[in-house]
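Here chain A shows up in two complexes: once beside chain B, once beside chain C.
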Partner chain A sequence: MLITIKYFGQIAEVTQKDEEQIETSKGSILELLSTLNAKYSDLKHKEFQIAQNQELVGLEAKLTGAEIALLPPFSGG
Partner chain B sequence: MTHKKPKNVFQQGAITSEFIGNSIYKHQTKTSIGAHNIFLGQVRADEIDGKTVSAIEYTAYEDMANQKFHEIRESAFEKFDLTCMHIYHSLGTVKAGEICLFVFVSSPQRKVVFEALEFIVEAIKADVPVFGKEIFEDESHQWKINN
Partner chain C sequence: MTSRYNRHIIVSEIGQAGQDKISNAKVLVVGAGGLGCPVLQYLTAAGVGTLGIIDFDVVELSNLQRQVLFGTSSIGQNKAEAAKKRLEDLNDGISIIAYAEKLTHKNAISLFDTYDIIVDGSDNFETRYLVNDACIITNKPLVYGAIYKFEGQVSVFNYENGPSYRCMFPKPPQSGSVPNCSEIGVLGVLPGIIGSMQANEVLKIILKIGTTLSGKLLCYNALTLQNSILKINRNQTIIQSVLKHKADFNTTKTNFNCGTKITSVSIENFLSEKNIQFIDVREHHEQPKVEALPVTHMPLSELKSSLNKIDITKKKAIFCQSGIRSKQAVELLRKLNIQDCFSIAEGASEINNILLSTRPIWSQNAKKL
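== the complex of A and B ==
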């Protein structure tokens, strides 16, 4: 399935893009993350949380096909 | 509990004192209110390694952020006896000294607004995916982290 992945803040600086679509088999967030770590080697040095369908999820969560976002530490306000 | 669609909390650029003043003025017709409390977040000209922050450039995961603002709003209404509340947050560039966050709570009683405002501001800082890039005077930058 085709998943949209969004990148923000310093994560978007690593990926050099704000958004992309990746073809992946149904798996977990962890599996998607290892694909992304292989693609962007500096990603493993960065701190971030992952949202699926706009909710924070853990690494064991299953990919549903909904939008994924890599969110660096929040700094609103 | 209301189930309204999340509002857009974001404004492009700094939140002006005219906007804030006008917002206060609009509450004169709501005469059950006995107390307002306002939080204004201002961009600080921090000095880091000899360089001074001249502005913060804000970006956000806007859909999720508006959803989170909505959830904070709902839980604040559930926890506290509020007449109304308003939240505005900047996107884009806000210079040092300008306002980037405006939270406005109103209630019949004063004690409620002190507690409610702190709850709301702390929840915004912790839960809303907004990202601040601190721009220095020499145009280099670093990413801000809330503590």
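== the complex of A and C ==
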């Protein structure tokens, strides 16, 4: 299935893009993440949470959504 | 003469009754920096009856690019006090209280207890988790904002049974893994936009109108003008684990789950030491300088490339602006196998205050150096 992945903050700096579309047959968020880790080697050093279809989900969640977002914490103020 | 709040009162959704709610509200703003300034400015103008400002830091020249309450004449002044001075001119009909001190586990609960709504405009994770946890314990709504270069996040936590910050990010990131504004920079207008959104959330909570960002995180990108709103669910287990600390919160010396195992010690332990090197890991522009001590400057951003400045024969007492980067520096130096490094708990302003009060003792030892 074709999914859109959105990258925020420091994550977008690792991937060098704000969003991209990828074709995947992966069953879970965790499996998708390992695909992304292989594609972007610096990603594993970053902290982030994952949203699926605009809702934060755990790594064990099933990949069902059309849109995934990788959301890092910001500390600046 | 029309009243100061006429443009509020003539809005049918607000009216005199709404303006009275604003006048009766008590809001505490943590941090009078990039986010705190616009929040304070709009809440003061709106007539929030009691406005608290807590910030231990002093105004420096590089703040003026975004911290719009301050002018060149404020440089060197405490931010909470300088903000109060400007805000009292903007609105002399409200009560503005400046706390020129650091928010800690010790003072957070009693301080939060006296306010209705807490606004987080801090600039580091240690304070953000402290604010979140203290809001859970005191059951106060938290209006959250945070920024990174061109992007911002806004939400409302711990409100009407909604999620908390920890429901989104359960534990602080490893120290040093996420840079802050003084290390990486920020577009000056961004905190203006995000802080104004926070002020808007505060007013909606006070007035009980519209829908707040409770349970939702707004992500704003100033470059693309794309907004994303992500849903966050309440995690009762995480909230319960914070509530467990209710009784011993005041005595917690270090933040639980704080991403670093480095503990800090007071500068007072080192003032009588002879074989000691004091290292300032703040960036070159940061104020105030500590001039009463022989200090080696090694900004955290240049630490790895300036290791030759370290005197390996001496103990290293490392300080920064608030005691967070000093921990990161110690962690980094220990990883590089550099021994005898200590993180100083106090920031530069507090160190200067301590030195002023203990000067005779220190200068005696300084002569022996």
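The rule we apply is simple: the second predicted complex is superposed on the first by the 71 of 77 C-alpha atoms of A that agree within 3 Å, B and C clash if a C-alpha of one lies under 4 Å from a C-alpha of the other, contacts with A are read in each partner's own complex, and residues count from 1 in each chain.
Note that a residue touches a chain if its C-beta (ideal position, glycine included) is under 8 Å from a C-beta of that chain, and two chains touch if they have at least 3 such contacts.
Note that the coordinates shown come from a computational prediction; the quantities given were computed from them, not determined experimentally.
In the superposition on chain A, A:45 contacts chain C only, with no contact to chain B.
Once the two complexes are laid over each other on the shared chain, residue contacts for A:77 go to chain B and to chain C alike.
Of the two partners, chain B and chain C, it is C that touches more residues of chain A. 6, 8-10, 51, 54, 69, 71-77 are the residues of chain A that lie in the contact sets of both chain B and chain C, per the superposition on chain A. Those residues of chain A whose C-beta lies close enough to touch chain B in the complex are 6, 8-10, 51, 54, 69, 71-77. Within the complex formed with chain A, the chain C residues making contact are 31, 33-36, 120-125, 128, 145-149, 151-153, 168-169, 173-174, 177-181, 184, 186, 191, 217, 219, 221, 224, 226, 228-233. By the touch criterion stated above, chain A contacts chain C in their complex at residues 6, 8-10, 18, 45-47, 49, 51, 54-56, 69, 71-77.
Across the interface of their complex, chain A is touched by residues 41, 58-61, 63-65, 67, 89, 100-101, 121, 124-133, 143-146 of chain B.
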